[in-house]
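Labels run A, B, C, D and E following the written order; every chain starts at residue 1.
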Amino acid sequence: MSTPVLRVEKLRKTFGSEIVLQDISFTVPEHTATVFIGASGSGKSTLLRCINLLDQIDDGVIKLDDHDISGADIDPDEVRKKLGMVFQSFNLFPHMTVLENITLAPTKVQKVKNEAAIHEAFELLDRFGLKEKADQYPDRLSGGQQQRVAIIRSIARHPRLLLLDEITSALDPVLVNEVLSTVRDLKGEGMTMVLATHEMGFAKQVANEVCYLHAGRILEWGAPTAILEDPKHPETREFIKRVHEAGRL
Amino acid sequence: MIENQGRRIGDNSDPAPYDFGGAWQPSEIELTRRVARRKRNQRNALIAAGSSAVVIGSLIVVLVTSPGWIALRDTFFKWAYGVEILPKILLGFTTNMTLTVIAGSSVAIIGLMIALIRTSRTPALTPFRFLAMIYVDVFRGIPMLLVILLIGFGVPALQLKGVTNNVLVLGTIAVIITYSAYVAEVIRSGILTIHPSQRAAARSLGLSHFQTLRFVVLPQAIKRVTPPLLNDLVALIKDTGLISILGVTDAVRAAQIQTAKTFNYTPYVMAACVFLAVTIPLTRATDRMLRRTLERQNAQGQA
Amino acid sequence: SAAEETATESTTDEAVICAPESLETLTPGVLTIATGEPAYYPWVIDDAPESGQGFEAAVAYAVAAQLGYDQAAVTWVRTTFDAAIAPGPKTFDINLQQYSITDQRREVVDFSSPYYKANQTIISFKGSKLDGVTTLQGVADAGAKLGAAVGTTSLEVIESAFGLSPAVYNDNAAGVTALKNQQIDGLVVDLPTAFYLAAVEIPDGIIVGQIEGSDASDQGFGLLLAKSSPITSCVTQAVDAIRSSGELANITSQWLADSAGAPVLQ
Amino acid sequence: MIENQGRRIGDNSDPAPYDFGGAWQPSEIELTRRVARRKRNQRNALIAAGSSAVVIGSLIVVLVTSPGWIALRDTFFKWAYGVEILPKILLGFTTNMTLTVIAGSSVAIIGLMIALIRTSRTPALTPFRFLAMIYVDVFRGIPMLLVILLIGFGVPALQLKGVTNNVLVLGTIAVIITYSAYVAEVIRSGILTIHPSQRAAARSLGLSHFQTLRFVVLPQAIKRVTPPLLNDLVALIKDTGLISILGVTDAVRAAQIQTAKTFNYTPYVMAACVFLAVTIPLTRATDRMLRRTLERQNAQGQA
Amino acid sequence: MSTPVLRVEKLRKTFGSEIVLQDISFTVPEHTATVFIGASGSGKSTLLRCINLLDQIDDGVIKLDDHDISGADIDPDEVRKKLGMVFQSFNLFPHMTVLENITLAPTKVQKVKNEAAIHEAFELLDRFGLKEKADQYPDRLSGGQQQRVAIIRSIARHPRLLLLDEITSALDPVLVNEVLSTVRDLKGEGMTMVLATHEMGFAKQVANEVCYLHAGRILEWGAPTAILEDPKHPETREFIKRVHEAGRL
């Protein structure tokens, strides 16, 4: 097997005296999706932020393509050029049109020519059925469209790895669907991904591996069917049951 | 328990279900309701208009029938005299406006830089952050008059080579120093209200710290604090006059000179009018902008 | 003839040191004189010192002439009180706007010898608390509120002569307004100003009386110059010269009313 | 692809899964990382501290070695003289403080009322709303100095029976009138930022319009605009001095009298210090409050 | 059959030139729940706001207990004493504790003695398992707890009719459950309710009648099973299908 895109080893993260992540180790091979599930506050967002170097870790190693990106002398901007990240909300820049949002990083960071960036942006928008929204401001889009634009924006930079943090949790159920299908398409194209989500549909449809995070530790992991339908650990079972009960329909 | 009144299921004879047509006529009950409402509103509006007319009217009557009214009118509202000296006040007002333009643009730049230093997070900048904080606190806390005096008269006293002792320049510098402190605070509060996720999103896209500020944080922050910035602009226009203590003639000082000459206060009233001619459009614009911002904000999550 | 001789001698003497060619003025060959804005009657008539009309305008031209500057070689500028006394380079060579000479002030600026010594005078209006008062004690007992402009010796007089705390105004114009509004009962100004204000600006204005020798530190009005100005001694000589030649007395009697017109508070 | 490093499924021997114990020791790699980080931070801090020391140091050197330094020091920083006249300045400052207290509390009430009128929606209040708008625009737009002159000298000129000509009272009224306009604007903007759903929720509970204002809208609005209100308080403290134009002696005037007497500027410096002693604690408090508000706001929806 | 609690006849509502509600007629008998479903912007919130007299209607009649509450001379405050309403968000007053939130209306509007109001508030909080949160400020509660407090607050006033506007749409699916069970309990106690919701679970479990609102008109109505499982109208079918697809799990 080739080297994994991402390898996290014994990662530890504290906020003051609170230990938020402890002893987290996992690998993400190329063209696979790893989905983190877990209760609110279990540390999913923090984990993704650590991988993206937005938070500084307190121990452990993070390797991207076998290259240690957690060292003290690493330039985060260089690392982030290889990573894409979409957050739960506040993703798009409200003062820029959809097109400007998408072309900002390519033109300013990768120094792509303006026309080339616009051309690629339109291709992407077209592929995801958002071409006619190119000149709209984000507040004119539905929440689902906003998140799809955020995904397009992050893949316009051709990242090695895409980090998606509960990108549907602020959406109406009706809107979740379109975002889900976008992510499924990306998976089909071979994008390597790490996701945090409450959506079991997501987990089922795109995950190669599901990890259950509980109070900062990975409590259980495995194939989606194994974790979602036959969890071993009582904590996991309890969580899955609660989610099932709350299931809409 | 839907009652089958005027509605048929599956009636798709309409070209589109969204089309409500022009067929609707207000019902009887609605018409009476409207009449009742209109009557009540008219009555209330009448009461309000009446009461404010009474208040204003009686104020005017008290004013005009007061024993000193003639004296007051001659001292404060001698229009012929006012018009006569208006050119002098306008000439003085050009000083206010020139100063506002020069000081305003400098303040924008310096205030922005101080705000950026104060909102920076790098530990390396801690000493600068500390200095910026002291700067802002001191110059917000001293009456500007004193700053103008200390700089306008203090710097020339140093007799530094190559340093001007032009009071206009020094006074402008004093104004810039003081207002930069005010504006830095306003911009800083704007920067702080930008949600941290916006920064995170920008950094995630690989934008550098500076690019994040330049393309993401500042455009939003400045837009948000435009109303208070415009307020500061109005205040600046009014405060530029303080440098008249250094011997520069602004609109208020021009009025003061006239008043001192003739012992008549009409020039002050004229000066007030000149200021209003500039400041009122500004405050109206501020107001409109504020309202628009709020409407947008409140539209989100409307229940 | 001998007297004539000395006069010419001294003139030539001065010419050596105190002539436009050798005086280190702001602009060589030009004497820059400052006064207030506006300048008041009777110190300057119609706020136009260039005309030479008014007491201080006339004194200024007399001093200038004594120093060897003709009318055309004099330029006028205006300064505020604060600008005049600020340390650092000045925008004028000499400044006259009723600056009283005191030793404290001498630490910061130079003064010529005095060109006029005015008594401080209280003005009021008919029917006020001060109407009819003739003694200093009477003023103090009347429970009157007195006002004066900032930067004048009038201010100190109110404290030193009556032990009252004054209402302090930016200028006499504000003081007059306050007096007209009966916000104060009396305004303290120098005598020449008092004549003018009581007669022209205050309806039913009266002069209550002069306060004689009330402030020991006040050595009279002097021409103000920058500290250690190179021309101070020349200017002082010039003032002394017009005084001793009687010209100053002529100017005084031409522009300033006789102080005998105002009663003296006992 | 979880690697089975140091973790066993179902290992329930821990008393609680939340307990991470004290067993953790930083790894080798973490330790080297920390050393490297510490070194870099120290270097950066050193550079920053060094550069700011150089900047400040050279400013001081330029100041002290300038030809006029001795003259400047004697004119502006003659401490012995400053201490001597400090009591007079403090006496003047009591005027500023008294005025601030009286005017401040009146402004709070009047400003609030105007803000309420301006934010009311009943059509019946339209005339009052209009008047309030004009009031605010006019008094925000005129330099306060002019307002003080017009009221302090204008009202007595009317010779109205029963109306005072006390300058302190009239000056205070002028200050109140002006600042009420400022404060009304601040409170209004606070009221407008309260989400309409809060009003709707209160009305749905059956609260009357007044109760909704009293218990729901105002407590939140005032809390939100406390920082700008405190800013206005600082400005008020500084601006109370403007009524000295009417003949009242405040701190700045007291300093001016001394300066006019001795032609020495130290009294102004002393006055600046006296103001700072009051305003700096206020600005610090404002700052803390602002930061707390923002932290709370940004905590919501943190990505 | 006794008179219905609520009877709406031919209600019409416009915002400027936009017709938001048209020809809306329905009745809500005592002890029943009527659930409005429909796409975003179909007018659900506006309908509830009209019933609560927060918006002024443009035609039609609204009767509460056979008493016309849409007349020009009606005092809305009097009407609202009989109605409870909970919104999608921004319900609780953030500057008051949970207890203060609940006792505000009883003490200020109904002029109940303070002790009595507190006593009843505690009873209600106890019943819904929120007793220990009484002294907390809303921002310390989870979204689900906040909505439950909002419901408690509105029933503390013993309303004749409870209006619930998408009270779970801003919640994580895990939290929806607890709110749902609270509403189910209320239904069991005989509370008369009108709900707007995206949650099909809600509709199924509490509705006596479901109305599908489309572009301001009631397009289809009937028993929950009929509407949700076998919609007649193609528009309704499309909507239900979209919701199903988006279903979480």
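The rule is short, and it goes like this: contacts are C-beta pairs under 8 Å (C-beta built on N, C-alpha and C of every residue); 3 or more make two chains touch, one makes a residue touch a chain.
Predicted model, so just to flag it, every value in this text is computed and none were measured.
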* Minimal step count in the chain contact network, chain B to chain E -> 1
* To do: Note down the smallest number of touching-chain steps it takes to go from chain A to chain C.
  => 2
* To do: Name whichever of A-D, B-E or D-E reuses the A-B interface, so over half of the contact pairs are the same residue numbers.
  => D-E
* Asked: So what's the Cα centroid distance for chain A and chain E, whole Å?
  -> 36
* chain B and chain D, separation of their C-alpha mean positions in angstrom -> 17
* **Rounded Å distance, chain B centre to chain C centre (Cα mean)** => 45
* Asked: Quick one: chain C and chain E, Cα centre-to-centre, how many Å?
  -> 84
* Among the residues of chain B, which ones contact at least 2 other chains? -> 149, 153-154, 156-159, 195, 197, 200-201, 265, 301-303
* Asked: Which chain E residues touch at least two other chains?
  -> 49, 87, 89-90
* **Residues of chain C whose C-beta touches two or more other chains** => 82, 86-88, 170, 177
* Name, in rising order, each residue of chain C that touches chain B in their complex. => 37-38, 40, 47, 78-80, 82-83, 86-89, 91, 170-173, 176-177, 201
* In the complex, chain E residues that touch chain B -> 4, 9-10, 12, 19, 22-23, 25-29, 32, 34, 45, 49, 58-61, 70-73, 87-90, 165, 209, 211, 214-221, 232-233, 235
* Could you please specify the touching residues of chain D with respect to chain E in the complex? => 195, 197-198, 200-208, 211, 215-216, 219-220, 223, 296, 300
* Asked: What does chain B use to touch chain D in their complex?
  -> 41, 44-45, 47-49, 51-53, 56, 62-63, 66-69, 71-72, 75-76, 122-128, 131, 136-138, 140-147, 149-150, 153-154, 156-160, 185, 189, 192-193, 195-197, 200-201, 227-228, 231, 234, 238-239, 241, 252, 265, 268-269, 271-272, 275-276, 278-280, 282-284, 290-291, 294, 297-298, 301-303
* Asked: What part of chain E is in contact with chain D in the complex they form?
  -> 49, 52, 54, 76-77, 80-81, 83-85, 87, 89-95, 104-105, 108-110, 139, 150, 153-154, 157
